[in-house]
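Data block below; observations after.
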């Protein structure tokens, strides 16, 4: 059993609060354990200049200075840039960009992921939350007649998983790491998946694994992916519940 | 009567949620009407290099991109710098910096004010909220034995007031402007006050007034200050209520 | 009596040298006591992209490194940005921007205020001087047929005033503070006014007051504004004298 | 068969030229097909300020503007930062940092990876080459008495692998992608491995996989890792051959 | 004869106003024709960290935006950096840095050259003027007992010279080019010299020559240097006259 | 005789490797003694916005961090900007820009000079090498029908020369300085020349001379230019040999 009473394949408590803010076209506050990220999706009527056709989805990620102890800085660093590139790619895997076109041409959606409180897994929480904000914005575009067809391919969610040392025993593979586990992890793997069209197990969109304190075997990788698959299946269900609540 | 049903001397509904986040030493989510600001106070054990003695209090202010429609940028601009300088000065007026010294020397407190949703008056809401976050952090320092004496001088709060055109009539002086009034204001005045020690009307700490669409008379200024005094008296009471709730 | 022999309601000696440089469309060197600011107004035939109609007036403010002892840096900081925003707003209050349109469309005027020597009150000297440079540029545009009508609303000038501690007595309100007074001020107030059309007392355009070392009462504010009104009346007269000299 | 005649599990021709430059403590020019990267390792006698003990290894990655057609810019972008963080982590997995300490304290080694010519796989070539440069620098430190013990854990190498569309047939998994394949890849996976101490198959250090044009299954991931393992085994052999040549 | 009536070997009218500002340790306003540069020399009690012994002299150069028509920008560009490096080297040639040491260690002098009005030859005017400001600061340091010995080697001055096309005739070599000549120059040469100790012709410190519109011969170079020598001899005399006036 | 056995008027060994890389339109690796610079010329079909007609040639210069011991930084500094401006001007002297126009309008060529190994004279080696890369790109444009006429005026090459102290004797003038001589030079002169159309001695395009440790006389300047002329004559011959090899 883990320090917080969870089993190795158990997610932290998940709360999704759709409509947490109202200026953006879609918004959600996601809480996974002690990690909280405010995700907003803002529609813009212009697309990047290098894009020849279709629409675009991009993301920005930042951590509020007071989200950590000690206080962090406000300046975007290499880590933040890397994370927002990951979030953007993950969200684009959820959308058929060629259909993100309204009566006046291509549409961009910027998903801002601002970490309000950080306790590990901020990038995966950001992806899971940002997909909900994005979906809310897309539904609004469809409802408002700005898109003739919903451009969604499939929901996307993400989770972390790792190999964690266990005192007096072999290291174990654990799902959804809080900071206290993440900071001691031998291996740290972030997994992004999207729901399979046919309804089976979700399929991989991104994996990023790092042997923080050593290397890892193919067997360990497979065990980690098994746990991630289970966790993401639950996160995908949580997203749908939140959307039902939002439209209720 | 104003578009939202308020009288000219009435504040917008105020909510202060102390302890909204837990990593920082003090935090509060302040909502004044549609404006919401997350204020956190983080203690640091070093002071600026130019400071020869005592402690320091400073502030940073930013608006999350999704706080406005259309979406704003993330880059700190001149306006944000100007606002955070105002917040910092206002908060320092609430604290005897010479007493902000612990067993290991001077202490700094950084108050981060991140606007989650913007509907006018973000800088004054930030000041009113940040003072609560700061007070929570100071109480924690005292409770933890890091400060031998509470260094507070007096609570500080702020409000906006303006001269607003009224159709078919003379412009009127109104308190606590939302964006729809602020953007049409002839004169816009931000007032920061602190509670008088003897308990009478609060006293001025900062005033910043701009004739956005024209000039203004001494009489108009006085009428604006009258309304501000009343509003700030109520905000100071709201702060105390929130602190009682936090310590309950 | 003050250290330099002035009475509390007396300005420092004022010198305005119109045409100090000749490349810009308007220029003046303003000296108020030991503070000297070179103000130039440069006309540009394009306006900011966000401006839908009319012309624009903006300002830039900088302090030459050698203007202070010890030497200052060259990098624009938050203080400089804040000041140039104040100068820009103040100058725009002097001009009907909808009339700042020539045969080829809207016109911009950039007023550069470079402090050559700093002894307190640089921002208010910059406003008073920049208005003269701006007026010279506007007259030149009218004379050259680039504007069909002079777009001026009213002259604008500015002064500082403060509450200064006096040894062995109560603090006193004093006008036009040099550095030695400004650095000790309990309250520091910058006041910008424009000439009333009907010729009475000038009217407020901007006020910015800070309790640097404490708070202040409504009575003190009123006393400061009384002195500022008197000082600005004299500065407005000095501007007109300089313009007469320039056109002589 | 692929457009360049290789089979799906075949590496591009590999050339490692140790000692390509002589100012740095270790250097190698690595060529894998049309991709060429100059890797240098420079020893510095100071370590990052946040490091409490041991030494440090870090990397910088840049692409010379003339390395691509059309010419690229010189400004470090998010992609470059992300890549150099990957290279740094990979190299640190090759070294016991606690042993990177000389007579005068901790030592840093900066590995610069400058892409001279880019034809896909620049980040993996950089890792494979940088390890050789790093090893040369470490040997020099040991030979010069600056380190009492060689701090190496195991050689590290990297390769790309992907799922590539094949006309008139199912997509295929291919090893070591040049630009023409990489730009069409459905899935793109970069794999970093280090030699197993016991001499068996190399073990994972980093994996980064992206479904560029779709998602992927666990089976596809496994097939990609099979090819990567084979490729990296060959790259590890090539590194050893180059080191033998360098010391010959 | 040239457009302004000068002969080819004649300088523009020179005015040096020592003590133009009083905050800096030395200051001069130099005017050469329509070019005016404010030069100040500020003493700092610290030296660059890489300097192991002695003092240091450095320069900064900038053009005020209103110094040119059309208005220039405020951002330091490559040209400005190049010029300030030239000024710094030139001034260091005038001083024995090993003697720029006071009772508390090495001393730095920063010479700021701010162009108030630009009509060609701003960099050479800056050098000629900055030397005077520097000398005034050095004399003040000696007079105040901060330096036991005047560290001056010899006065330094600079001038431009060029090959200018002449309508209906061969191009001619001309001294001290205003903008209207400089912008048409075939060759542009900036020459910095210092007074010879023995009182003969001044000796070269820096030459920078560019064939802006073509190449040039050794003969043309020699003719340009002849004119520069004559001009600099006069500038050196002007500097001495200004210093006599300053100390009178 | 010098430390490396050369006579005072002798160049270091020169190697030019045309076509060192293949992505750029022209490339050469130039080695002069221990200094090696990779020069590439990239054609772009747009010209700077301020250019009203013709084409443009520009240069960028950087030093790879590993090119020096100790390792240098990656950030472009004032020195690098100054050097790339010199290279750009020198190359433009080799080309009739009015003829750098293809069927679709003006053409730009960017010459990147990246120093791979630095042992003095990197800027002059960059010029000599960049001209070859530029010439290769121009020939390719002509051969590909993108230019109807070769726009070359004359080949350009550059060399350094200096006055170097000699133990137990008078300082001597020496050609083509490596770092060990350059760092001790009393005078350092960089000379850029282009081949005379009539085939005589090359003519001056740029000279930049600095009395690093003192001043210098006209006689010394002439002696330096004599040596530079001889050296550049040899470099021009080396360039032609390399081009013959490249087209063989």
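Letters A, B, C, D, E and F name the chains as they come in the text, with residue numbers starting at 1 for each one.
Quick note on the criterion: a residue touches a chain if its C-beta (ideal position, glycine included) is under 8 Å from a C-beta of that chain, and two chains touch if they have at least 3 such contacts.
Here the structure is a predicted model, which means the values were calculated and not measured.
J.: Between subunit A and subunit D, which partner chains are common?
T.: Both-contact set = empty.
J.: Quick one: which chains contact subunit A and subunit F both?
T.: Intersection of subunit A and subunit F contact lists gives D.
J.: Quick check for the class: compute each chain's Cα centroid; which one is farthest from the centroid of subunit C?
T.: Chain D.
J.: Do the two copies subunit B and subunit C share over half of their interface residue numbers, or under half; same or different?
T.: Over half of the interface numbering overlaps between copies: same.
J.: Look at all chain centres (mean of CA atoms) and spot the one farthest from the centre of subunit A.
T.: E
J.: Centroid of subunit A to centroid of subunit B, CA atoms only: how many Å?
T.: Averaging C-alpha atoms per chain gives centres 34 Å apart.
J.: Starting from the mean Cα coordinates of subunit B and subunit D, work out the distance between those two points in Å.
T.: 52
J.: By the touch rule stated above, which residues of subunit D touch at least two different other chains?
T.: Residues of subunit D touching two or more partner chains: there are none.
J.: Quick one: what's the order of chains around the ring if we set off from subunit A and go to subunit D first?
T.: Result for the ring walk from subunit A toward subunit D: A, D, F, E, C, B.
J.: With touch defined as at the start, can you tell me which subunit E residues reach subunit C in the complex?
T.: 21-25, 27, 34, 36, 38, 40-42, 44, 60, 62, 64-71, 74, 76, 110, 112, 114, 116-118
J.: For the complex, give me every residue of subunit B touching subunit C.
T.: 78-79, 81-82, 84-85, 89, 93, 193-194, 203-211, 214-218, 221-222, 225
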